[in-house]
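A, B, C and D are the chain letters, set down in written order, and residue numbers restart from 1 in every chain.
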């Protein structure tokens, strides 16, 4: 028996190792050890005051920090019975979308693209395909600027408070931003077209797909959890009833199951469940790429991310203009500190993110729970690897390893999120 | 000086007129306090402000400024282009105009500072009279009056301003943009009455007798240790002071290290490193020695050169200091020998 | 010859590594100064056997981290610690406030995983090896990072700003939070961020760590004198600085 | 009151006083492990021609991208066209300078500050006392006196260093030692076998010298701790307080009386000093 080990899989966020046991040309076992050490966030928040929670949990992940911040704020607000203003909601959506632009651009171009052009990293790409790198940097930069505009800096937003915002961008910057986002949509469309040309293995996952859905929105900030296979919708407050999390010995990240089986979250499930609610240009691009309604190929997650980039540009330009017209205030709404428990869920770039907290009479946290997208995906990713590896085990070893890594990267895992 | 009477409702015209030629900067509200900021119309101005968070100095001597540029490849050294748009500072109080005069001594005499000077030359100053607040003590230094350093000074006589025209440019501005009238004898009498009342309104009485002597004679007094224990070494006092001009200088390279600029930033003698030299030596290691130095320099060092103390009694430092260390408390302690 | 640089992440959220890339316009200029040999986040490959500069993000939370750092110190001429986690222990050091096993039990119950790591009380990189350059902040400021990298490449001394934050806060013309009846840690926090949070309407939470020049007793007194709780200073300061005793 | 010396900037009021002139390193001599003697030539011929100074004045030396440091000029004013600086590697700027090579370009601004009262000293005896690196500015004065030796009475130089390896300009001193118009006494705190000079602190040398109190100018430069003790010795010899000159080192950022760092008592070291007479210095709180 030979064992293939890929230590510290590159171009993913966090530290993980893949081991594949091959015997006589047959894959015996394959697993992904998440060696990223736990930082114990769910325990660290205990004893801290409710208004510190978003500062702390934002540090679960520096890559999608706006998502953690916003989701934890929603959970705390749920616990305290706070209803935020419409304006605050729009601003928070912008914050989350800033994170989409950053994350999707980075994942697609820095992490995934080198695989398809046969390079170890994006750096040599700068020489061979400068225009591609330039586009990546442009999209990422605008994402950063958007999170900075709304949140105060590209990583770990400052302005998002329980109940509202500490400050808001001025009208001039919003106007200017709406313009730029509209222009950026073109770059995003090019990205989708580029990724559609990359050939991916024909492979289907057996797992279910979950994402937030809403009747009148491409849900990212609020909605209900929906299942593609089960065709059900349930309120996020009941997440503990439908998602089960288990400690698995080889991984510092827990694995999740729905109805006893692993499942997938992320751009692909979102597009599968909400394709009809994509913004017009995004929907058009999706059509142009020959989308047939539903895809179960996890490698298609990349293309779906690219389509979401187009969607994000259109949507954010709209939100920016909406803010200019809608009036209202994003100042934190008044509230009283009281004991309670609450749940918040949003769609982070990598999938649905759940935060839940219990708070005592004085506003101090007594319990916390966070289920990240990657933690939900890991079980399915391992299952996919087990199913996929045998189909390519005859490939030369380098290519075999690359294909397995590529599958991992298609999930865009964020291991520090998954462990937290 | 020449004088004109200006109706208050003319101020809108004046600002509108000025704004057509200049960037107009004046006091505006910010969260219940005031700052000098660009305005587009008189309605944004709050000429009834007490004092601003930062003094006007930043419009002449910004918190961060490039003083020289270099290219490492060919060792070329150039000056920075001074960004000095034609600007009007509108609504400065006498203390702040006096403070500018003290700054002028430093920056426009021996070794003229080209950056400060360019801004000073391109900026018109319109002063406006004020009412003392509880932290002001300009009366103590005679900086409650100002006689030069401005183009126009407006003394509030209720529904009209008594406008003192100090410069040709100031007189032109008034001619160009507002209908003003001759000053009558009654107007001047009213002016005298208002100014007299203003002088009466101060309740801060600080005994400044023989300050330089006291500073030298009490150099080793324990009062400094007491202030030292209270001081947070945060430097807030120096930042908000209209007469503090100390700066630090650092080189900043462009990301590719091929060029760079030399930058000066506001500094404070309250920072530990301020007087540190090589080999671990620091001439003002302790907080006490640094607090002392601030007052020593203001009330004696500067005085020895320019025959004025380096304080205009604006009270900003008293408001900004979280520990409430202020000139009034320090001078009192020097006079009485005890910290209150 | 351009110095060979590696980027290593310990226990962290990768936020500072992301910030390192957030100079889109000049990323290639900066990369032009160095020979980047290893950066797990961005490139395939392994930590090489020799290199000149190690940039380290993250807190030390396992024995494996300690062993890695010791190896790094032997190999690299220059070690740069970036971000609160590496400099002060940062948010991960919050777990240093209680028993580490208790935290583990809260998260994993009675069957903690055995994924090849031995947990230890979190601490900053400087508590394990000597650090040559420091970039404070959670997250780091990209420009400041580039400045420190430049200093390291030029062989200049490490000069993280020393003084408390208030001075810069004043230059931003903020109305002081103490006047608004709120505790602000700017009084004792290392300056250099441009008083970012205060300027955006939120009191400083101390992410850049304790200013070496901070006067803590006086600061607590200031809070008391304004009717605030002096002890809050310490409680709030723990957020990013629970391991401050271990900061060197 | 400050007396700002006539200097190159005056000739052109438009000049940015913060802008250094590029200057080329024309020679580097290793003096000790930590000190090197650099010679610079200002590249612009006009500026170079007009660059005149007094002993005791200093320049601001720029390493572009690193910063500036004030350094005393150690060559004599009579040496035209070149500036000589003796620099100890003490930090960033001085370290970066030490890494430079002949032909490299740096920046120089100056000269700044008040120097020694050379003209007044003429016709008198001179007693120069240096400790360690303090010899740098005094060397300029010594060389200048040397150039106009007939104008002065007795010239005595006392110079103390920590150990023989740290004695600066040894080659020159060895030369002077054999001249009878200079009384030169060297001492080190920590002698080794090779050392045949005096041992102990520089203050110990006062027993060996005769001073005509009414006719002698003193000049002192050295580490801050040294001043008090040397002045005590001079006072024991009844020298006038206002004929003793001391040179101070303080932190400086601009060199031209604006940045405020070099404040000493009520004066600024950069424009009021760095050379003060002892009466002034006594009146500067915290100076000595």
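Criterion: a residue touches a chain if its C-beta (ideal position, glycine included) is under 8 Å from a C-beta of that chain, and two chains touch if they have at least 3 such contacts.
Values in this document were obtained by computation on a predicted structure and should not be read as measured data.
Asker: Ranked by contacting C-beta pairs, which pair of chains comes out on top?
Answerer: So the chains sharing the most C-beta contacts are A-C.
Asker: Look at all chain centres (mean of CA atoms) and spot the one farthest from the centre of subunit D.
Answerer: Taking each chain's C-alpha mean as its centre, the farthest from subunit D is A.
Asker: Just give me the whole-number Å value for how far the CA centre of subunit B lies from that of subunit D.
Answerer: 38
Asker: From the mean C-alpha coordinate of subunit C to that of subunit D, what's the distance rounded to whole Å?
Answerer: 44
Asker: So what's the Cα centroid distance for subunit A and subunit D, whole Å?
Answerer: 66
Asker: Which residues of subunit B are in contact with two or more other chains?
Answerer: Within subunit B, residues 253, 257 contact more than one other chain.
Asker: Which subunit A residues touch at least two other chains?
Answerer: Residue numbers touching two or more other chains: none in subunit A.
Asker: Quick check on subunit D: which residues sit in contact with 2+ other chains?
Answerer: 65-66, 91 - these are the residues of subunit D that touch more than one other chain.
Asker: Would you please name all pairs of chains that touch?
Answerer: Going through each pair of chains, those in contact are A-C, B-C, B-D, C-D.
Asker: Could you pull out which subunit D residues touch subunit B in their complex?
Answerer: Interface residues on subunit D, with respect to subunit B: 1-2, 4, 9, 13-14, 16-22, 64-68, 88, 90-91, 94, 105, 107, 224, 249-251, 253-254, 256-261, 263-268, 271, 285-286.
Asker: Quick check on the complex: what are the subunit C residues that touch subunit B?
Answerer: On the subunit C side, the touching residues are 23, 26, 29-30, 32-33, 146-147, 150, 153, 162-171, 173-176, 178, 180, 186-188, 213-215, 217-219, 221-222, 225.
Asker: What does subunit D use to touch subunit C in their complex?
Answerer: 65-66, 91-92, 95-96, 99
Asker: Please output the residues of subunit B touching subunit C within their complex, sorted ascending.
Answerer: Those in contact with subunit C are residues 30-33, 35, 53-54, 58, 63, 229-236, 238-240, 252-257, 266, 268, 271-273, 287, 320, 322-324.
Asker: Within their complex, state which residues of subunit A touch subunit C.
Answerer: 7-8, 10-11, 13-15, 33-40, 42-44, 46-48, 52, 55-56, 59-63, 65, 102, 106, 110, 114, 120-123, 126, 137-138, 140-141, 144, 152-156, 158-159, 161, 165-167, 247-252, 254, 416
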